[in-house]
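Chain nomenclature is as follows: A, B and C, assigned in order of appearance, with residue numbering initiated at 1 for each chain independently.
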C-alpha cells in the first residue's frame, strides 16, 4: 500500500468529484436522463448564480439559517441546562429516566401535527418544533455525560471540599464535554431536517419552501441549485461545529 | 561450503551433516528506505531449536517474517527445504506475541484449533480427534468449549501454539511468544514448549530479547546487532537435552554463555 | 468521518457501559418511580383538564386519547397505517443498508478507493433527504417508491461508516494468520472477516433503523399521503386531537419498541460474536 502525499490525495479526491460532475453533465446534455429530472450542472450553476443575484435567494438562505441556528441554540441551552440538573441528581435520573428513554427514539418530525394544532401554520410553530426536536440529543447526551462521571472525580470533589457550583464548572462540565458536543452535533442535524420540513409545511420564508415552489413550476435547474445549497449548509455548519469541538476538546487525544 | 564454515559446521544430534531446512543467503531487506537487515547468512538444520536474540528493533521479527513468506528480501534469498520462499505456506507456522489478536474470539478452543484443519478434506470425526489431542498436548484438556476471552494469557498462548501445531508444520516460528506473560507462566510454558518440540521433532526459530530464555531453550543462539540488523555472533549451547529451571541455570556452560551474551550486548549502547 | 462510540451510544440509548447501584433487592432496584412518573403526570393532566373544563379543539384528555387508541386497535386502522409506514421504512432501510454495506466493504478493503471518493461522500452525505423531496416527487410522484428512495438515501451512511470502520479496524494479525494457513478468499471472508465485523455492522443497522423511521414519518407529514404521518396530519386538519395524540403516542411506542428490540438483538450478537474478550 503506497502512502499518498496529502496534496496528491486531495487532488485525486477533487478529480474524482470532477469526474462525477462531468458524467452528470453528459447524462443530462445527451438526454439520457430527461433534463426535466436532471438539469446539467452548468444549468444548475447558472440558475444558482441567477437566483443569488436576483436578491431573493440570499435572503431566504438567511431565513433558513435563522430557523436552524436559533432553534438549535435554544435547544442546546435548554438541553445542557436541564441535562446538567438531571444528570447530577441521582433521584432525578431515576425519576425521569424511563420517560426520557421513551422520547429518545421518537421521530422528531412526528411533533409537527401537534404543533400545528396548537400554534397554527406559522413561523413560530416551526421554531417550537425545531427547539423541541433538537433538544433531545443534547439533553440525553448531557445527562449521559454527567452520569458517567467516574467515581474518582466525585471522590476528588469530596477530598478537595469544592462546592457544588465550582465542581460543576471546573470538573463535571469539562468531563462531560465530549458527550455534550456529540449530542449537539446530532441536534444540529435534526435541526436542519426540521427547518426544511417546517418551511415546506408552513410555507414560511425559507429555502425549503422555495425549493417546493421551484418543483411545482418545473424549474429543475433552480431546484437542483437549492438542493446543493442545502448540502452546502449541512456541510458547513457541521464543519464549523467540528472546529469548535476540536478547539474545546484539545485535551482529548482521539485515536 | 562457505555457509558451513559460517554456521560453525553444525551437525545434527547424530553428528551427520544434513541439508539445512532453512537457509539465508546474504539476505538484505529495507523497509521504507531504511535498511533493516543486512548480509544475513544463516543455515538452520532440521530439528534444531535456534534462538535469535538482540535489542528491540534489530530486525529479529523481520527475520522470522522472511521465513514465513510475509516479507520478501531485497537482496539475497531465503529458502526452506531447498526451495526459495515465495509465499506463506502451511508448512511454516508462526506463533505471535499478541495472542489475543491471532485468535478468533467468536470460536471456542476447539473451533480455533480446527481452523487450521478445515478445508483439507479431513473427515470431521478425524478432525475432532486431532483437535482434542492437540488441546490435550498443550495442556488445555477440559477447556475445549471455552472462548479465548475466558482464558488467561498463558492459556491463550497455548491455544495459539496448538493451532500452529495443527498445521503439522516442519518449521515453527515464534516471535517473542512469552513476552506478554508473567514470569511464572513464562517458565512453565518454556518447559512445555521443550516437551512439545521434543515430541513432535519440529524445527524452531525462536525470537526473544530475554537472553536467559534463549540459552535455556535453544541449541544455538544467534545474536543480532542493530541498525541495520546483522549477525554478530553465533553460539552453540552446550547444555544437556533435558533441562529444568532449577539445575540448568546453575550449570557452568549456562553461566559462561550468559556472561558472554550479556557483555556482548552491554557494549551496545542502544 | 467515523461515528465515535459516544455518538453511537447516544443515538440509540445503549447503556451497556453504565454501572448501576449496589446489590439491592429486586423490588428496591426496579425503578418504580421512573415507570410510574409519566403515568402520574398523565393522571394529573386528566384531573386538571376535567376540573378546568378545558374543551378545546387542540387538546384532548388522556382518557379520550386512550379510548381512541384502543378503538383504533379494535377497528384495525392503526395496523394498516403502521404497516404502510413500516413497510416503507423497512424497504428504504434494506436498500440503504445494502448500499452502505457494499460501500463500507469496498472502502475498508481498498483504502485507495476511499481516499478517492472521500470528498464526494462528504459532499453528498450532508444533503438532508427531506430537501430531495421535491426532486423525488418530480421523478416518482407520490407513493411508496418515492418514500423508499428518500429513506434509502439517509440510511446508507450509518451502515457505511460502521462497516468501513469495522473492516479497516480488522487486526493485521488476522490477515497474517490467513496467509500462513493459506486460506482461500472464500474462507477468509466467511471465517475471518464476517464474524469479526458483524457486531459493528449491527450497530450501523440499528442506527439506520432509527433514521428510517424518522425519515418515513417526515415524508408522510410533508407530502406523502400514506402511513401514520399522513394520518396525523389528517387528524390535525379534521380537529381530532384525541386521534392525533393517540397516533403520536403510538409512533413513540413504535420507535421505542423497535429500538429496544434491536438493542436486545445487539446484546445477543455481541455475546455470540464478541466473546468475552472482544474489542
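Everything below uses one rule, namely that a residue touches a chain if its C-beta (ideal position, glycine included) is under 8 Å from a C-beta of that chain, and two chains touch if they have at least 3 such contacts.
Everything numeric here is computed off the predicted structure, so don't read it as measured data.
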Where the contacts of chain B and chain C overlap, which chains show up? none
Using C-alpha atoms only, the most centrally placed chain is C
Could you pull out the chain whose C-alpha mean position is farthest off from that of chain C? B
With chain centres defined as C-alpha means, what is the inter-centre distance between chain B and chain C in Å? 50
Rounded Å distance, chain A centre to chain C centre (Cα mean): 18
Can you work out the whole-Å distance between the CA centroids of chain A and chain B? 55
Of all the residues in chain B, which ones touch at least 2 other chains? none
Complex interface listing, chain A residues touching chain C: 1, 4, 9-10, 12-14, 16-17, 20, 36-37, 94-99, 101-114, 116-118, 137, 140-141, 144, 147-148, 178-179, 182-183, 185-186, 189, 192-193, 196-197, 200-201, 207-208, 211-212, 214-215, 218, 220, 223-224, 226-228, 230-231, 233-235, 238, 254
Chain C contacts chain B in the complex at 171, 173-174, 176-177, 179-184, 187, 191-192, 195-196, 272-278
Chain A partner contacts - residues on chain C that touch it in the complex: 4, 6-7, 9-13, 17-18, 31, 33-35, 37-38, 57-59, 111-112, 115-120, 122-124, 126-128, 130-135, 137-139, 210, 213-214, 216-218, 221-223, 228-229, 232-233, 235-236, 241, 244-245, 248, 251-252, 255-256, 258-259
What residues of chain B sit close enough to touch chain C in their complex? 68-70, 87-90, 92-94, 96, 98, 100-102, 104-107, 115-116, 118-119, 147-150, 167
